[in-house]
Every structure is written in C-alpha cells, then in structure tokens.
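Okay, here's the structure, questions in a sec.
In order of appearance the chains are A, B and C, and numbering begins at 1 in each one.
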Amino acid sequence: MILKLAWRNIWRNKRRTLIVMLSIIVSVSVLLLVDTLSVGMVKQMLDNQINIHISHIQVHKKGFKDDKTVKNYIPDDLKVEKAITETKEIKSYSKRIITYGMINSAYNSSSAIIVGVQPDKEKSITIISNSISKGRYLENENEILLSKKLAQKLNVEIGDKVVLMVSDVDGNISSELFRVVGLYESPYSEFDKLHVYIVIQDAQKILKLDDKVIEFAIIVKDSKYVNHVKERLVQKLGDLYEVLTYADVAPFISIMLDIYYQMIWIYYLIFGVAVCFGVINIMLMSVFERVREFGVLKAIGMKNKDIFLLIMTESFIIGVLGTIIGLALGFALYIPLSKSGIDLGIFAESLAWYGVGRVIYPVLTNFTLALVAFTMPFMSLIGAIYPAVKSIKIEPVEAIKYI
Amino acid sequence: MTIIKTENLTKIYSDGKVEVVALKDVSLEILSGEFIVIAGPSGSGKTTLLNLIGGLDKPTKGKVYLEGKDITVMKREELSDLRLRKIGFIFQAYNLIPVLTVFENVELPLVLLGIPEKERFERVMEVLKALGIAELVNKKPNEISGGQQQRVAIARAIVTEPAIVLADEPTAHLDSKTGGMLIDIMQEMNQTRRITFVICSHDPQVIQRARRLIKLRDGMVESDEKLW
Amino acid sequence: MKKFSPSKNLRKEDEIMFFLKIAWRNIWRNKRRTIITITAIAFATTITVIMRGIQLGTYDYLIRTIAGNYSGYIQIQSKGYSEDPSLRKTFIYSDEIKKIIKSTPDIIAYAPRLYADVMISSGENSYGGIIYGIDPEIEFNFSNFHKKIKHGRFLRKDSSYEVLLGDKLFENLKIKLGDEIIILSQGFDGALWDMKFKVVGVIKLGYTELDNAVIFMNLKDAQEFLSAENRVSVIAILISELEKIEKIKRKLSEELNSKSLVALSWEDVMVELKQSIEFDNASGVLFLAFLIIIVAFGILNTISMSVVERFNEFGISLAIGFKNQKLVLIVLLEILFIVLIGILLGSLLGGIFNYYLIKNPIVLTGDFASVYEEFGIEPKFVSSLKPRIFINTGLSILIVSLISSVIPLYRVYKLEPLKGIRFT
C-alpha cells in the first residue's frame, strides 16, 4: 500500500522528480564508465606484464630473485618439468635463459636483457610472437629478435648483424654475432627498450651453460588458480627452488589495483553527495506541500512510522528508478566500448610507458556493479531522512490550520 | 474626453471542439472621470471585458482605443509600457509583491518609470496618506489585513496618475464593512483626483455606488445607464 | 504634481538597485531551499578547488623534480639526437655555446652531460649500465642527485675515475664500497675500450630503471674514456619560471641553429611525463565537469520551483507594467546571488584547505608511497593556489548554472500576464 502511495506521490510533480532522476541517471552512467575504464586500465597493465614476459608463475633456483646471475641456473630441470606436467591447472610452460649484457651494432650500443627461449613453447606463453611488426619470429640459431625501438636506436634493419656481449658462467666476457630476423613492438615501451630474444641453445652456448636453463615460465589455465599452483609446486620442488607469482615479480602492479580500490569509493561518495543535495531539496519541498495532507492522515490515525516510511520509500523509488535507467544507459555505452575499446592515441607514449597500451577496454567487476547499483539508492535514503523527520513532526492541529 | 472606446469587441474561446463566446459585439465609450461598475452574473464576460480594455488580452474581433490609440494592434512591449503609465490595475487578491514593504510596493511603478528617489518618496507618502495607510509604510503584505492590502493596491494603481484604473472584484475577499470602506475610498479618489474607475463586481455595495452601471449578460451589454 | 523623465543613467541605476533588493529578498523566501542549493554549489566548488589544487600542485612538483633533475626544463641537443641518442650525436661544448647560454636572461643554471650505454663488470658479474658524465660542482646547484647518496659520497671536482652506482646495480654486482669495477664501451671513435673505476658511492634515485643501471662519473672522465674530447650529449637548463620555457626555447634555438643544435623543452624530451600529466589533467577535468553538471540539475530544480511558485505574482507584475525582460533580469539576479555565494564559500573553504596542504604536505605511506617511489618522486600530496584554479572553477559553475536555467528563464520571458494570474 505504501509502495503504491509512494509511487503516485513522486509523480505529482513530474518535472521535479524527473530532474533529480536525471541527475542520478547521469551520475550512475558516468560512474559506471569511469570505474570500468579505470579497472580496465589497471587490469590491462597487469595482463600486459603477464603476457609480454613475466607470465603467471616463474620458477628459478632459490636466490635468483635477489641475485640474477647465470650462476643461479636451475639445478635439475627435469624435476621441475615433471612437477609442472603433473599439475593439471597449468596450461603451458616454457624454459628460458635470462641474462644482462650489451648489444652492439655498427652504429651504436645499448644495454640489453637477453632472453634465450624455445620458440615453439614461448609462442604459447607470451604475445611477443604475435607482436612482430617486421620480419618474423625466431626459428633458428644465430637469429635475434629485437624491438622496433631498440632497432631504431641501433640503426639496424632486418638482415643486419649485431653482436651480443655477456658475462658467462665463469665470469668471462663472451660475444657472438647474430642476424636480425624480426622486430617486435609490445604495449610496454620500457620493456621493448631492453629485451632481445635468441634461441635457448645459442644462449646456452654463449654463456657456457651446456643444457642448463635459468627459468621456467608458466601460464595457468585460469588466473584464480595461480596461488594454488604456486603452493603445489613449492611442495613438490622443495627448498632449492623459488616459485614466484606475477605479484611477487611485479608487486607494483598489484599495488596499483589496491590503490584503485582505496580511491574509487571517493568518486562515488562525491557524486553521491551531489545527488543527495538534489534529493533533500525535492523531498523537503514535497513534504512541506503536503503538510495539510499529513495532518489529516495523522488525525485519522496513520502512525508516524508509516508516514516516515512513506517519505523514505518515495525517495528510494526515485533512487532505484534513476539507477536502473542509469545502468541501462551506462551499459548501452559500456558494451560496445568493451568490444572496441577507446583509442587514446594522443596519450600513446605515456600509456606505453605504463605498459597499458593505447586502446583501453573497460572491464566490469562485481565490485563495480555492486557499488554502482547501491550508491544512489543509498544516498536517496540518506537524503530523505531529514525531510522524513520533518514530515512526522507535523501536529494534526497545526496542519488543519493550513487548510 | 474619451479615455476608452471599444468597437464591436468580441472574444471567443475555443478549445478545438467547443466554442465559448465570452463577449459579443460590445461597443462602448468611457469618458474621463467616470466611475463605472460593470455588473453581471458569473460567466457574463465582465472580467473578459476588463482584461480587453486593460490590454491584458487581445479580442477575437473588434477594437479597443485608449486615448485614441488602437491597443489591439500594439506589441507586447508597447502594451506593457501603456499599462505602466496609463492604466492602474487592482485584482481580487495577491496584488502585492510579498518581499516588498508597503512603501516599496507602491514605489515600484515609479521606479520603473525612472522617477528620482526624492520625488518618489513625496508621491508615495502623499498617496499613502490620502488612503489613510501612511503608518503601514514599512510593513510587509503578510503583516497587514486584507482590507489594508487592497488599499495598498489602490495606492499603487493611482501613484502613477494613470488615465484609468481597472479593478476586478476588488471586494471579493473582504467582509462587508471593509468592502464598503474600500469602495468609498475608491470613490473619493475618483472625485478628488478625477481618476476614471472601471470596476467589475457582483458585490451589491459596489453596484450601489456606481455612477454609471453597465450590466452584462451572456457576453452582451444588457443595460448601460447613468445612475447619478 | 509634475512628471519628468530624468537622465537614463539615473533611472537604470535606481532600477537595478531596486531589482537587486527584490532578487535578494526573493531568494530568502524559502530559506531551507536556498541554503541547501548554496551548500550544494559550495560543495562542488570546494571539491573542485581541492582536486584541481592537488592536481596542479602535483604536476608542478613532478615537473620540478623530474624534469628539473633529469632533462632540465630546456635541453640543448644536437639535431637528430632525439631520434638517435648515441655518441655519434654528441656535440662540442664550445665557449661560443657557453656565451650564448650566459647571454640568455632567466637561465638559472645549466649542466652539461654525457650519456653512454656501457657494460659494467665486477669480475664475477656483468651488467649493462648507463654512464652519466656530469660536472659535480654544477650538479650541486642544479639537481638533487647529491642528496640521494645512500652510501659513500658524491663525486668531487677532482674525482678521477671514481664512480657512483645506482643502488640496484651496486647490489647486483655484489661489491663493496671502494671496490674497483671495469667498464666496457664503444667510444666515439667506434673502438671498444675498457677501463677500471673505483666505486666511491651508491645512489638511490628512486627511479628503478636508473637505479638498475646508472653510473655517475666526472664529465672529464667520461669524455676521456669515451674518446669524446670536449663533447657532451646534452646541456640541461633550468630557468626561473616555467612560463618562460617557450620564449627561451625559441631564442636558444634560433641562436644555436647555425651549429646544428636545437633547444627542446622538457615536454619534447620527456613525452611520457607530459602525456601522463595531460591524461591525469583531462581525467580530472572530465570528472569535475560531470560533478558540476549534477549540481546544475539541482540548481535547475530550485530555480524552476521558485519560478513556477511565483507565476501568479509574475502575472500581476506583468499586468501593472513590468516588462518580461525585467522579470527575467530579477530571476537572473537571484540565480547569480545563489551561485556566487556558493562559489565564494566553496572557494574560501577549498582555498583554505589548499593553503594548509601547501604548508603541510601530506606524506604518503604504504602502497601509495611505493608507487611514487617507483617513479622516483617523493611520495607527498601537495596543492596549489594558482588563481586560475579559482577563476576556472567559478566561471565553469557560473556558466553551467546559467545554461541549466535557460528553460525557466525562457518561461518567464514568454509569460503572459493572464496566464500567470490564472496559473494554479
């Protein structure tokens, strides 16, 4: 009954109700878009890191994380391989050798992080093989894949030769000639500046590592299994090994996500308060216009709490209705955007610096949906409190005076 | 001198299907200094006639001349100016601006006319005194009685020394004693200042005091006689 | 009684004063509604002023620390250096160039630097590194590098073949202070050289990419080691006011053109920083724009309500000779009163907050802190009292409020006396 009354009451003054509802609709749809884009950006940053290089899980000899020298190669790679194949949540894995060194061309030199990979396996781990802008991915020995950026700096083209200089497992400087077969470009420019790829056998040769490897990179079937898989591997491999998740390797990104969660509610609050003012205004007006009515209702026996509830319900309906329409509008914009993304080309360089990529796709999480759905109805209730209190303070006798 | 002349004044309201003839072919002349009451049952067209004379509405057919000028073809701005200078209005209720004092309400038209402060003060006080409400100068409308409010309305209407004052049921919301006093004072203004009054009313007290009584019925002039 | 028309000016003034009186009293007819509306505007203003203060304050801070330290506000480079930052594109740091710089007003300091990618080895371990050849005395007054020493000491004028290493690089090399390391590099002449250097200090810039690789040494040593006699990669320049960047940049470019040199601003050199700032700026402005729009709905409602309530009164006013334009003017004045009071209050509150924040910057801890440090900046929230914050905020709110009130104002403009009088 109260619901029916409330519904009819809010439409008594169409314009007033509609204007407040409009403000809610705008708030809700803007918050939805802003939130999903923010989440999208952070997730993209994280996903890019994972898919460009760090993968979900890395396995090394214990101590490699703090001392990244080739001396810390994996003691027993068969053992690791066995542990991996036994864990069914793992989708794919690849062996790598990683070392620091220098890359020299006829024209220039640059520091580099040299990654020795198994081309076929690496393809299923990272997107680098799909990010070739010129030439092709690695296939054979004596080939090298570097980034477009680095190639520019070294002034090399496909087919040119470069020299890699590293410090081998005995501590001696060793160098080798390689031919550039491909140029890649990832969304993360800082990565591109440093990383070059050669086949793992070449790396083993140049570092005098025989058949040893430094790292196992693992992609898990679903990211929610990551910690579970880590524990399994730790169990199976024991103390000699370190098993790191992407959060261990790049804590910075996870922090960004935490920061987002800490900050986003402020935006909701600000919009919420702004809407609240509008709600207080119209509910107050509506209450004072109906002074006589309330007086009569109370005189004929309606209880205070019912009148209070009536006002709260009216406001709540406005909040809910506005939110529903706002969500509809927000989704109408979100859905096409989630497919096509927003091209933020004018910020390309800085986005590449953060590793986000120039096209941002909004991502909807349950957290976002909940916040968006609950904020405005909640604020509508808050805004109705004062007017509702005022409405029950009306004494029947006083009200009749107004007639 | 003729202040108002109407020729075949006709007003028809139509909402698409039904046509209501509020006024039909009303021709009359109003001379300066007259004290006219337009009477008739509700729906007879009194208010419509008053609105047309005052330039608040445009006729469907016919003409209205104010001091020789055809007001039916005037634009909104011109009419507004006319109402400010030449016509005074008194309505049944809500005549006054609630946020202004009695003084300021009466002063308002003089401000719009651009009359300097000192002269405004003199004229307003003079008119308030004449209407016996000088002591209410700083009161707001919600602080004075209905009868006093209507007097202020009269004061405002005459402070610009208009050619004609139009009143629509001025005593409608007043008790008979107050109503009587109000119409008396309007008569006084008419006689001392030679201001033409045209009053619509069905109040017998008002009709009694008419010098010329125009009776309307169904939008037409039923009778038009000088009483004294 | 005489009637005369005085000069138009007097009439206008009087009238406006009267209207101001009416408008002012009108807004207080419904105290609660007016106060709520003013509070809403003040709220939006305060939030905007605070947010913009933090944003602009932070940008200034970032530019000063990052651009100031690394690229300088203006940088002189050889033409083509930005596409090809190699030893090949270094230039001779001649006296003529010094003269040109000295003759340019508003330049506070200028620091010549030589950069090169090298390999650094401790015998056990080798890594890629970047040489930063600097003039220690100049850098004292130029950048804050000397303040970031973690262990050991900064370079001295007479330092010979001494280096400072980035702290991560130092860790990776597994050495102690005082140890010697070998640096291997291709010189300006293309030949490969190596040389021993002594590690006298460890520096933590806070910028991971550099802490992993930077090797500070005396400019003279770098020039000698790299066979780049008297050559530098860039000259970083600090000027007195950020606003003068364009002007000085143009002047230097003109004068240095004949030597195949260009002057670039930090925006050209650190594109990522510039865009990050622009992105954050745009996001902030967009968010606040929507906030203002939402509050504008509230203003629209208030004005609509207050206008519709008075149609009766307006009708009668029109009947007695008030022109529609003048009624519109009164309502407009009412809007202005409400909005301006709100803006003033909000600006005051926001301004006080910003002032407090400037004097007592909030130092961040925990997660926030590590993000800042990742980019080499001190983790603190600063603010700004730049006038344009207040002006832009006030103007935006004013304009949006006026636009949102167009419809009620239009209704007043079009109102006919009888329609108003008969309105229920």
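Heads up, the rule we're going with is that a contact is a pair of C-beta atoms (placed from the backbone, for glycine too) under 8 Å apart; a residue touches a chain by one contact, two chains touch by 3 or more.
Worth saying up front: this structure is predicted, and the values here are computed from it rather than measured.
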Centrality ranking, top chain (CA atoms only): C
Top-ranked pair of chains - ranking by C-beta pairs in contact: A-C
Centre distance in Å when chain B and chain C are each reduced to the mean of their C-alpha atoms: 66
Centre-to-centre distance between chain C and chain A (centres being mean Cα positions), rounded to whole Å: 26
Gap in Å, rounded to a whole number, between the CA centres of chain B and chain A: 74
Chain A-touching residues of chain C, taken from the complex the two chains share: 32-33, 36-37, 39-40, 43-44, 47, 83-88, 117-119, 121, 123-130, 171-172, 174, 184-186, 209, 213, 271-276, 278-279, 287, 290-291, 293-295, 297-298, 300-302, 304-305, 367-368, 370-371, 374
For the chain B and chain C complex, residues of the former touching the latter: 51, 54, 56-57, 76-77, 80-85, 87-89, 91, 94-95, 97-100, 104, 108-109, 111-117, 123, 126, 156-157, 161
Chain B partner contacts - residues on chain C that touch it in the complex: 1, 3, 5-6, 8, 10-11, 14-15, 18, 21-22, 25-26, 29, 312-313, 316-324, 326, 417-418, 421
Residue numbers on chain A that touch chain C, as the complex places them: 15-16, 19-20, 22-23, 26-27, 30, 34, 66-69, 100-102, 104, 107-113, 152-153, 155, 165-167, 171, 173, 189-190, 194, 251-252, 255-256, 258-259, 262, 267, 270-271, 273-275, 277-278, 280-282, 284-285, 344, 346-354
